[in-house]
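Please go over the structures that come below.
Same chain, two partners: chain A is paired with chain B first, then with chain C.
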Partner chain A sequence: MAERPEDLNLPTAVVNRIVREALPTQVKVSKEANAAIAKAASVFVLYATSCSNNVSAKANRKTITGGDVIAAIQEMEFDKFVHPLEIALSQWKGQQNRKKEDAKRKKEKAAASLGSASEDKRTTDDKENEEDDDEDNDDDDEEAQDNANME
Partner chain B sequence: MDESNGTGNDGLRLPWAKVRSIAKLDETQLTISQDAVFVLARSTELFIEFLAKVSAEKMAQTKRRSLGKVDIDEAIAEHDNLMFLEDLIDMDNPEILSVPKP
Partner chain C sequence: MSSPNGHPTSGAAPQSSPKGGRDVSLPMTRVKTIMKSSPDVETVSQESLFLITKATELFIMYLTKLAQRNGDNDQSVTYRDLAAVVQRKDSMEFLHDIVPKKIKVSEYLEIMKNEKLDDDDIL
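Let's look at the complex of A and B:
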């Protein structure tokens, strides 16, 4: 399936919001300007990816890391972005770790409560099993008699 | 409308998946980690803010109060780190051609 050019664009509503938040409220933004900024942003992603790729490749690594992207941004002469990006990355990593720990704790808790739930089940099941066993015993007796009769 | 001030999406406003799919168009690309996608998305947001601001500076030098394509073109022509966007400039615009390079 051929990809239409529009599919490479970032959502214009989101771009527009970022643009408006960056500018004083009285400044209006024409549709063409917004479209041009959205397009420029897509080109930026491609360019930054390509530069990041080079950074990883030079270090003989096969995976592009967050640090590689930051280094690429610096090479692209957007020095002012470097510090805010380092902070954002470190905060995000912290959040990811917390999420993993939370998930782990939830999993452990769920496993523990499953354990106690199955104990409860056993006490009621035991009674049912006793009744079943009685029935089974009756069948066994019948079977034994049948077998005896057959011989 | 999303009212979360971007706090839902890992603090980002731009959508992850979209940034990732644009990045994956690079044919020579190696594997891209999650944190790399995060930094790419955040950098792009900073870039959008930067481009908007420098374009608004060009607009401020005229009497207009509405940001137009011409302001973006002029900002691209003026800033070295925006050279990668020069193909987007409308070269038929006489104002662009007269912008002196620093």
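Let's look at the complex of A and C:
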């Protein structure tokens, strides 16, 4: 799948919203400033990824883990991010586990209805893929909107 | 409708607030695309994807606030404010070429003119 240039940039509408929510309502942000922040954020992703990858590589691993990212963030001198990130991560993990539990319970319920052809023959993996697919759909909508907004 | 501190009041508060929550505003699939474009990156765990997405949101807020507080005017954020922050902070060295300070054409020509003179001196 070839990557179009806009795929390597974060959606400006979302970035602008985060910028707005970080400031008091009356503060104005110039168009140029918004564009620069969006660009900086995309480069931040690349830089953080590269640093995280170095951490994994030093440990002879091919998968970047959450711990690698935390270590990289500290190396990048953004120590103040570590605490909020750790809190957010534990909340997110809790949410992911709840989703898995729900999926598991649904599957067990369906299996419990013996004899009748169960509609829910999908495995948890399929469900996770479905969740990812849903994410992709959201992204497509944003991309379509983003393309419409392209300068 | 906005509350005094500027944050919109809505029923979907946890989802719309990027601050400390488990939710993210930036699309993780897009972040993943950017991560994968980096050379030598093989596998990205879901956890690391979440953390980098979240860290990027924190970074956006951080950069924005710094630019506003240290800028010429605290009622606005201009490109100039951003460039000043980026050029000054050590932690933002990776952005020095991405958000450069702007100079006028006349200033640039002056710099180029002086450089030319230096070369002539050597010869």
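Basically, the second predicted complex is superposed on the first by the 107 of 151 C-alpha atoms of A that agree within 3 Å, B and C clash if a C-alpha of one lies under 4 Å from a C-alpha of the other, contacts with A are read in each partner's own complex, and residues count from 1 in each chain.
The criterion applied here is as follows: a contact is a pair of C-beta atoms (placed from the backbone, for glycine too) under 8 Å apart; a residue touches a chain by one contact, two chains touch by 3 or more.
Only a predicted model underlies this, so the values are computations on that prediction, with no experimental measurement involved.
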* On chain A, do chain B and chain C fit together or clash when superposed? -> clash
* Looking at the overlay, does A:Asp102 come into contact with chain B only (first), chain C only (second), both, or neither? -> neither
* Look at A:Gly94 in the shared chain and tell me whether it touches chain B only, chain C only, both, or neither; answer first, second, both or neither. => second
* Touch check for A:Thr25: first (chain B), second (chain C), both, or neither? -> second
* To do: Quick one: classify A:Leu10 as touching chain B (first), chain C (second), both or neither.
  => both
* Structure fact -> Residues on chain A touched by both chain B and chain C 8, 10-11, 14-15, 17-19, 21-24, 26-30, 32-33, 36-37, 39-50, 52-53, 57, 62-66, 68-70, 73, 76-78, 80-81, 84-85, 88-89, 91-93, 95-96
* To do: Sort out for me which residues of chain B touch chain A in the complex.
  => 10-11, 13-15, 18-19, 22-23, 25-26, 28-36, 38-40, 42-53, 55-56, 59, 65-69, 71-72, 76, 80-81, 84-85, 88
* Asked: Across the complex, what residues on chain C touch chain A?
  -> 2, 5-7, 16-22, 25-31, 33-35, 37-38, 40-48, 50-52, 54-65, 67-68, 74-79, 81-83, 86, 90-91, 94-95, 98-99
* To do: Write out the stretch or stretches of chain A touching chain C in their complex.
  => 3, 7-8, 10-11, 14-15, 17-19, 21-30, 32-33, 36-37, 39-50, 52-53, 57, 62-66, 68-70, 73, 76-78, 80-81, 84-85, 87-89, 91-96, 132, 135-136, 138-139, 142
* Structure fact -> chain B partner, complex, touching residues on chain A are 8, 10-11, 14-15, 17-19, 21-24, 26-30, 32-33, 36-37, 39-50, 52-53, 56-57, 61-66, 68-70, 73, 76-78, 80-81, 84-85, 88-89, 91-93, 95-96
